[in-house]
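There are two complexes below, and they share chain A, which is joined by chain B in the first and by chain C in the second.
Let's turn to the complex of A and B:
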């Protein structure tokens, strides 16, 4: 994690009292937010000084979320979760296989590939097994293999299966 | 860094095993848990099991009469889940 230049303050300096909110404050290593917002700075305390290191904008707590789609029963959840994650700046990786490949026939699903930070692929073998016309799949969705699933599992911080 | 992945096999055994094999392509650790049922003996499942055996992947099951898996209790399965980065039910 990258931090902005260090700013050192005494424990009672104005500006480090409330509205800081962090359960473990001022333990070394705490990552705190302001008034319940997402974490914006890192706190270190050596007994004499508080050290605030502001998280750079690009390093705020974004995660890579993987969504393994192996059924066609949860379109609403996939769309909702993906849109919400994209809006918050998280990266979303979607891999479809098995019955989940049927969702590429739905534009609401395929349109997700155009959102910021969203990448989509599917198992071509599964699609062909389920008689999906892979030539009709939008260009933004990779016609791939289980290797794409392996890459998603390797890179994602969290995976949900729908 | 290598990831640890658990695949929980339920109804769609063939696809779950095929996916498990594919998940090894990034050199991650993949363990397979067959939950409360016997693996079927279809041609594709047998072929996948041969590949799984060649890849030396571990298969566990709480179903006692299982030729291909090491028997473990449900409690053991539950306790082991916290060791994994990803748990993929299928």
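Let's turn to the complex of A and C:
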């Protein structure tokens, strides 16, 4: 038996455990490595190269959840959803704008930036329009722009608006 | 397609009409955030499991 050259092999340093077994999918010709019941790598062959690709964390059974905060009325829901998603190992991206920037004056909101997998930013222009002292915002929250909103829209698997 | 509608401030007429229209062709689920005792863990699972999420 001959093997095609491996084009790419990402190391275990990405936090992926070695596979315990493999599963093949005859319909597609794909082979998937399994860590328990969770796929941890894919193998593909294009006729020239065999590609072994370890899944990044975002490609495992986790999602990137975006939360667009444009009001200050739903703090309880934002906190509850963010904590639940973080506990499940999901990534959460929170972007605040308009009236939602008022929430950075509440420590329950700003403390979310310290949870695992949570990143937070806000529209500095919106904050200044709502007379928020942006210099008082904790370092862990990016004082950004609508570009951060665009990045969240690009990166997130699901986005909710609160 | 599975569509999750999240009612941030409770039921509203425009949402009801859109949800009814979606329900004719899709599998639709509605979460009323104005209700008591929301399970955020279950809500996160629903957000993950549905193909589309719409917030009102």
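Everything below uses one rule, namely that the second predicted complex is superposed on the first by the 102 of 162 C-alpha atoms of A that agree within 3 Å, B and C clash if a C-alpha of one lies under 4 Å from a C-alpha of the other, contacts with A are read in each partner's own complex, and residues count from 1 in each chain.
Following the convention adopted for this analysis, a residue touches a chain if its C-beta (ideal position, glycine included) is under 8 Å from a C-beta of that chain, and two chains touch if they have at least 3 such contacts.
Because the structure is a prediction, the values reported are computed rather than measured.
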Going by the contact rule set out at the top, does A:97 touch chain B (first), chain C (second), both, or neither? first
Taking the superposition as given, does A:147 touch the first partner, chain B, the second, chain C, both, or neither? first
On the A-aligned overlay, A:161 touches which partner chain: chain B = first, chain C = second, or both, or neither? both
Considering only the touch criterion stated at the top, classify A:70 as touching first (chain B), second (chain C), both, or neither. first
Taking the superposition as given, does A:85 touch the first partner, chain B, the second, chain C, both, or neither? second
So chain A touches chain B in one structure and chain C in the other; where do those two contact lists coincide? 158-159, 161
If we count contacts the way the header does, which residues on chain C are in touch with chain A in the complex? 6, 8-9, 33, 38, 40-41, 43-45, 47-48, 53, 55
Touching chain A in the complex, chain B uses residues 3, 5, 12, 15, 18-19, 21-26, 28, 86, 88-90
What part of chain A is in contact with chain B in the complex they form? 66, 68, 70, 97-98, 126, 145-147, 149-151, 153-154, 156, 158-159, 161
Footprint of chain C on chain A - complex, ascending: 63, 65, 73-74, 77, 80-81, 83-85, 87-88, 90, 157-162
